[in-house]
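After this come two complexes, each holding chain A, first together with chain B and then together with chain C.
And now, the complex of A and B:
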């Protein structure tokens, strides 16, 4: 399938929108009617055709516009992309992983031609055709990690592995759920997760770290995480909180369906072969509540999950103030019928909304 | 989910006897494709079908990590061992098909180091061969101190000294040459990391000496693969699987569990990585802990065992597996 790329914005006039195709393939994160933390990891080995799990690095209709938004963020704040000196090899690893994956998974969009270390990379959607020497930084316009992540949707945390821990030693972070690479750079796994409530006490991070240290070459893993964002704003960073935090006060019963978005991160984990580092791509998908509820099962379930999620979690995820408004709105789409297990929309088998 | 590692079908394309003890094996993909790149210090687990027994032994990859056409390993013959190295030496022939795992690295370079100081004993040279090739490409600074029994048993000494005349120092036991460790560790520039691979005694020596000299623990790296040792046969009950398994004299607890058809987790099979850690539900007897993963309090509690290398002597052992 050739993807039709949207011309849209993630700021100012917010023309971002999901097509019916994008709505149906949205990675809805709740497999049951309630939510609590878990180490919900699974192998990242493809998934149903057309789903966001199918390819190693999903490319969708937002690709070109997301890359334009990233370039704007970087022009205003170059510290969103950092790589400590020892992480350059991991950057080449990442460039190789993405170029090989995308050229194999989307041959109509991307091409990679390799003759020893002489490489040619063609990125059709972005109009790029570059020749460079693999492992020679002087032949690229940016460092290898920055070069390839300016062309790949999602944030990237590149983690060094040493001393039985993971270290946030490089990254490209412009579409984040309120965390800062500049603040976290050089921190270890427990340090950068310190602000998360409840999970430490549950032992979640110890188990998660043990799992991640053992992610091996050729065997990537994935999980979903989620939060709520007012307006389809990719750059919900602490650095710009003064610009976007205020937008959370603009919700009304009339505009909430279009303004309030469910924000889902598809997090994947790949061992990088040459450096033994771990890359953690964090891909952000957004969907307006009014689009979520076009899938009856998701409307029912999202209402129940957000209504019942613990206060600490709603506070940490930043929607505690708007929760009454959100739950009120979603209650119109919950007729109390049971929902099927799993995250899939099940449009053919789940009953339509019973009008009260 | 055993090992979490992918397998690769390979063909043995070259076997070179280096000296009385060490033989080198070259593997290429049987389907003609390219092998994954890896990082210096990585190992592969080689599967051996030895008369009905499946042996899984880890060997350090010693070839150039950037060379995707072939992997090489060097195997030291252990006449006292349980047979893995003897199988490789006596039974494997050029042209044989074998199965190996994707590379796994439990001994990687700390790429922050200003200088990499490598200390090798005997066959412990193999991970350094790949690391040196990697550092060569990246213009990394290293210095190797390599102790071997005699010139006749000094695997790769000629190649190393020819390629890196100013960075390689060799010591022969039979000529009473020894590494002056105290002096070596005292004279290193700030930002040096030390790596040691060799016999248990050598690793202990480097760890203790560096600690006494105030080296930070994070700057001292070591890899010691323990081979599982033989021991008295014993019986184990696997509670989750609902079966009882006899562990033979010459097989490890992990091997016995696998033989019973249970897919148990593992990675290094040498007591180092922690992946096979198993909870003990009940025991009446003595544990023979041989790993270097469990903490002292884990051992004292009698609640955990590393089945890749550790054994049990006594009446009852029930595991949560």
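And now, the complex of A and C:
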């Protein structure tokens, strides 16, 4: 299908919206009625047609507007994109991976023509047609990582692998769930996850690291993570927290359905061929609660999960103060019926909401 | 006694050891304030060590208290500097001459050790040749996550950013590259609601 790109904003007047298509394909992150941390990795080898899992780098109706938002963030704060000097080769690896994947997966939107190291890249949605020399930085307007990630949805952490650890040595981070690349750059896997409660004690990060160190070329992996965001604000950065934090206090029973968003990260992991780095795209999807509950199974389940999630998690994810309002709202959409296993909407098989 | 036992914390927070004499062709020792006591303990444990030691000491409010004892330990070179910042060019120059086998000893405040550690690793000194020992003040070097300014010697939580003026709470999340802990606006969700500052670890 041809994607109709939305003209929308993720700040100020917040005109962001999901079409019915985007709602149905939303990566709902809960496969059962409760949630606790787990490594929950699976192979990233496609998925159901039309789902966010189908392509290596999903492009959706928000693409063009998200890239405009990224450009605004970078103009205000260039430190959101940084690459330590030894990571340039990994940047080229990433540029190649994305250009090859997108041109193969979306031939109507992207084209890549290669003649040795003379490359031509056409990005139709963004109106880009550039010729450059692969591995020659002087032929691009930005470094290779910045160039391609200004054209690709999602944050990107590029991880160097050494000493049996992963080091966050480069990244493009403008749609983050409240963490700072500028602060965390150069940290290893355990250090940048240090503030996460409970998961260290559960051994989550040791197991996840072991898995990630062994991700092989051509065998990418993926998992989902989630949090809650008031207003469809992509840039929930610590850098700007003193500006957006106040928005968390604006929920009322009347506006919560449209203002409170479930924020989901599709995290994928690709081994890069020349540098042996691991690239960790963190793609952010947002959905208003009032749109979640149009899928009866999701409405039931989200109510149960958020009601029961441990206090530490609700605090860390930043919605402990709003939890009573959220749970109250969602309770209208939970009739107590059982839910089917798995994350899919199951619209044809799950019963509609039984009105109490 | 100038030692302080830090309570257990998150994995990005540095932990410090106790300086121990190690065999090496040369020894670079950088300390501030009560960090001098750790160097003097080192000298007591192995007086020979100081024959090949270059000591850079920043008294930082301790006056002359440690200068004479350090002299008496008879280091090959003793430099007493007015501030860490003023000693950086010297540290870089000394590190540029370093050979395999140099041992680095850092002692004193976290801010000094973190910054000097960066200089040493940037010069290619392996981690295994660098030791640290905390002594004296538990003041922290803080990065404001909002304006990126560094505030030195923060003693309270919360504190006021010396650059942008926001009131920040003190996190244990630590960046080796910045040699600083992270400070985050404390009243973002409730402007003006700022708790009274409490001394760190009090």
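Everything below uses one rule, namely that the second predicted complex is superposed on the first by the 356 of 356 C-alpha atoms of A that agree within 3 Å, B and C clash if a C-alpha of one lies under 4 Å from a C-alpha of the other, contacts with A are read in each partner's own complex, and residues count from 1 in each chain.
In this text, contacts are C-beta pairs under 8 Å (C-beta built on N, C-alpha and C of every residue); 3 or more make two chains touch, one makes a residue touch a chain.
From a predicted model like this one, the values you see are computed outputs, not experimental measurements.
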Which superposed partner A:79 touches (first chain B, second chain C, both, neither): second
Touching partner for A:216 - first (chain B), second (chain C), both, neither: first
Which of chain B and chain C A:89 touches, first, second, both or neither: first
Contacts of A:161 with chain B and chain C, given as first, second, both or neither: first
First, second, both or neither for A:182, with chain B first and chain C second: second
Touching partner for A:343 - first (chain B), second (chain C), both, neither: neither
Per-residue contact with chain A, leading partner among chain C and chain B: C
Which of chain B and chain C A:194 touches, first, second, both or neither: second
Complex contact set, residues of chain B against chain A: 3-6, 36-39, 41-42, 65-66, 102-105, 108, 110-112, 134, 137-138, 218, 267, 273-275
Residue ranges of chain A in contact with chain B within the complex: 84-87, 89, 135, 160-163, 210, 214-219, 273-276
Complex contact set, residues of chain A against chain C: 79, 180, 182-187, 190-195, 200, 238-246, 248-249, 321
Touching residues on chain C, where the partner in the complex is chain A: 10-13, 143, 145-146, 148, 166, 171-173, 175-178, 182, 184-185, 188-191
